[in-house]
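Shown next, in structure tokens, is the structure this report addresses.
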């Protein structure tokens, strides 16, 4: 049988069209499964629910942050799946390597967005910013591992920790209110990007709240290889407390250089500015232990008095025995707990469509993460959507697991309480 | 005043590092007409190997440095032998690109070891050692950086001036064909150039790593500031590279230290462009740099 | 495809006219911020960067025009230099651009970045799936529909320029400046036109690059690494070739995606060893070296070589006994 | 106009050129009449090509003046020379190896065309018309010069003789009033040289274009040139009719001396 070329073309076009139509519409319908409403990422026959993970698995951010954080999420869901999943549904993670590059993140997002119910992870501020408008258009929830305050405004962003901005405010609350230092001379060194700007905003709010005497502000570029100018500038200003919104290598460079030129103020490190690796450096470890605090969040590693920590350590033994103490692992694990809470609520409502998930998220109110992090709050207005305003000030101690020792306990400063988003 | 001297001193030390990187550029350019965009990664690889040798293999600092030198020199020479040699006569940016290819390979190689973050540098002295004088701290590392740069310059001077291979390299730089005709082994010249460039880069990398306290895979980006240095000094001038490096280091540190006083006017990060602005001004006034030679074009 | 446009723009300057530029992202950035200023949404929160919310018919061409004007402004200085000097000055341009973009907060949003306009025609918005004639098209498909004709138009335009007077002058300048001048080509004029033309296309590519599809970019987007990727795309695809630009861009920017999509390597976080990103970086570095060494004419040269081989084979088959065998005639086209 | 035809078309006076202390040309003066085939000869390194480079404004002389049809050439930029009506061929080929022969000729038409990027990019209307007309012109020229079969070949792929011929065709495509020829037969076989000499005579007789020919090959020059100027070490040692020059003892010494010098190293025929 011969088909005339024109006809063959028509048939071909129709076939393509049909495939396209199936692709576009097929997964958009409600395909039963009892009374459970589903759309994307839920396979009712295999009883799985797929979640997307966008994280750097290669490049410089991968080893220190991307990989441990993702392992935290994996470990938690391994445990969930082992105990029967969520209402019998097993969680499947679809992971994509973003290389911490916004463009790659966007293309990763596009690739898998129709395969997943929500994103259980998007790591990084610039990367997450890049998918904010997309997720709003696709009505898809994104759990973001970033503490950037701006993202609290976005209705589809699920945040976990206390934003950077509030970290700074709480740190100075600790210094002024808890330690009783009146009108301390303070300074800040911040990275020349969005992260640094967030820290700077918090610093300025703290100045107004606590009557700080701001004597020095300096900035550095991520590419800088010498920090003498910044250190000398702060030294000349005579600041007693210097806040560092930096990355670990820069924090180390600043503290080391300042010490070398005879300047040893009290350093307060934004949570991402510290990494355990810094303690390997001869000389720097003692400086850090004596002169630096880290402001952050979460139960100290190995503190089994916290039920969530005990559970996490057990799960690590079962599913990821090689894991070293790591704050980012803990973050990922906690993040997964929040994702679980959203999913669980949606399943309870018999609606795991994207609309159903958003609904579940908005009605979540409080999520207890077993004390790993303070109880997290969610809501629909920007101010309610800041999951937590609590922080802990830690000292650095290489003898304890995770290298951080809580000084202040968990608290919310008066300034952070009032901050508007 | 102490503030100024502190900055100037740090600028000098930083400038010496630029000078060492710039030396590498210039030596390769002079002998083979190639700008090696991978020069910065030699710093990274050198510092990285030295660090791994000290901390993972538990070697003595000097042994670690020796191993680092050995490996980077080997990489440089092998790359020249097995890649660049086939590129002779190709357009300039094909050559630029192939060195960028090497750059990517080296950096990714270091990243892939998974040990490149917050890397402690190999160092023979504590982070704060040095002498204080008049409220200014003269760090031990900075002093050694300056001293070793000086030693490198003198050694290279003697090498080029008085040794057979040095003379061969100079001859090749002036006129390749004539040098060939006079029996100079051009291949050896190229290999030497790459070897020397890799070695000075490694030295620079080790000092730089100590200077920044900890380092990661972005250490090599410093080479970008060596470009203004070589242009400033003149692409083909070895003393020019050194002077250019030091000038760029000083200018950068001083703008960095004083820019906050004029922040409203220049905004943030002005220090990242001052070296380039300086370079552009120089190019407009003296396109061949302060010490470079003017080329006469022929049809 | 946007990458293809940018690569095309670079090819005009570097491939056809022989002026090495590492500064394409500077012009892309200029174009992108022009687009954002004219086409971006009105500020929502106080302190948000400005946006006039104008139509794509204004912001897209304007992106090109402003970038071209910038090119005209920078050109006279940059074009006094040749070879490596020009490369390094254009590299400086990237850094100066980053500095300007970070500080011009009102337009660029400062280091925080800003939202860029997404293409829309009246009610038709490209940023969300919109049904047209009963067919629901996703954002990606919309972009495809927008970009294909645009790229085709650009490619045709560049192709036409290169086979007419101006393009011949560009190529003559590349091959031999003095010779071209003696033949009567005004070197400065030719270089400037190439520079401005290239900047124009780069500006448009930049506006689209920033708008696609996230519509968000930090100043750091316009960095040197991106610029180098375009150079790599041009060289891998084929210097001085329109198709080469398109193929090269597809190759360089599609490679990591392809590796991911077809999961050529298992994605796993359990070992810190080989990941697709690192692997593609390694591959990419290696490929640049290999291409430069063995196929300097890029993919397009390779294709031409293969087709000419086939042709030769065909002809040999036709002309029996090699009576008219064209062995003496050079068939290989190297461009 | 009548004034022009009486004055020499090209008038070179007192040209001196120095490179880093070396005097390449020393007080060179000569006139070329309209329609004349004027040859400049001399041993290697005599400064012939340097002189041509001054006429095409690549080199700037230290002293002297060049008048072309009453205009001061030294005030023009390199690319304006072509518009002034002067075309030149190149001694060394391989400068445009990738350009096809047709495109090379079209490049010669550059000064006679107008369309820029915008018109060229659209490739419709005026640009297309212009392009078509010029392509036809070049095609005609290719036919005349016997280059038609090689129309689409890249210059670099042609044999040397054909490249020179294509280069000459390109210069003619510029429709000059003065043609500068830089060693047009260097490296050619005897047969090729003879063909080329015939072409030059055709150019003179049929097109009436003034030609200044720089050549090493004395025999070829003597056969076709109207007048000859001999350079040695940058100085004019003789000027006049071919026969006069040939008999000039200074010329003989210059050439013979050179032959003697070159004798020990046969086979190394380098071009200055």
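As written, the chains take the letters A, B, C and D, and residue 1 is the first residue of each chain.
Heads up, the rule we're going with is that contacts are C-beta pairs under 8 Å (C-beta built on N, C-alpha and C of every residue); 3 or more make two chains touch, one makes a residue touch a chain.
Just so it is clear, the model here is predicted, and its values are computed rather than measured.
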Intersection of contact partners for chain A and chain C: B
Chain separated most widely from chain B, comparing mean CA positions: D
Core chain by centroid distance, with centroids computed from Cα atoms only: C
Between chain B and chain A, distance of the C-alpha-averaged centres to the nearest whole Å: 38
Where chain A and chain D are represented by their mean Cα positions, the distance between them in whole Å: 73
Centre distance in Å when chain C and chain D are each reduced to the mean of their C-alpha atoms: 41
Rounded Å distance between chain B and chain C, as computed from the means of their C-alpha atoms: 31
Residue numbers of chain C (touch at least two other chains): 102, 111, 178-179, 272, 278, 281
For chain B, residues contacting two or more additional chains: 111, 114, 224, 268-269, 272, 299
Sequence positions of chain D contacting 2 or more other chains: 58, 90
In the complex, chain B residues that touch chain A: 3, 6-7, 10-11, 14, 17, 55, 111, 114-121, 123, 126-128, 130, 132, 136-137, 139, 208, 211-219, 221-222, 224, 253, 256-257, 260, 268-269, 271-272
Sites on chain C touched by chain B in the complex: 14, 18, 20, 77, 80-81, 83-85, 87-89, 91-92, 95-96, 98-99, 102-103, 111, 178-179, 224, 228, 231-232, 235, 239, 272-274, 278, 281-282, 284-289, 292-293, 296
Of all residues in chain B, those that touch chain C in their complex: 29, 35, 83, 86-87, 90-98, 100-105, 108-109, 111-112, 114, 224, 227-228, 231, 235, 267-270, 272-273, 276-277, 279-280, 283-284, 287, 297, 299
Residues of chain C defined as touching chain D within the complex: 157-158, 160-161, 163-169, 171-172, 175-176, 178-187, 193, 197, 240, 329-330, 332-335
Residues on chain D engaged by chain C in the complex (per definition of touch): 56, 58, 77-83, 87-88, 90, 95-99, 103, 106-111, 113-117, 119-123, 127, 130-131, 153-154, 156-157, 170, 174
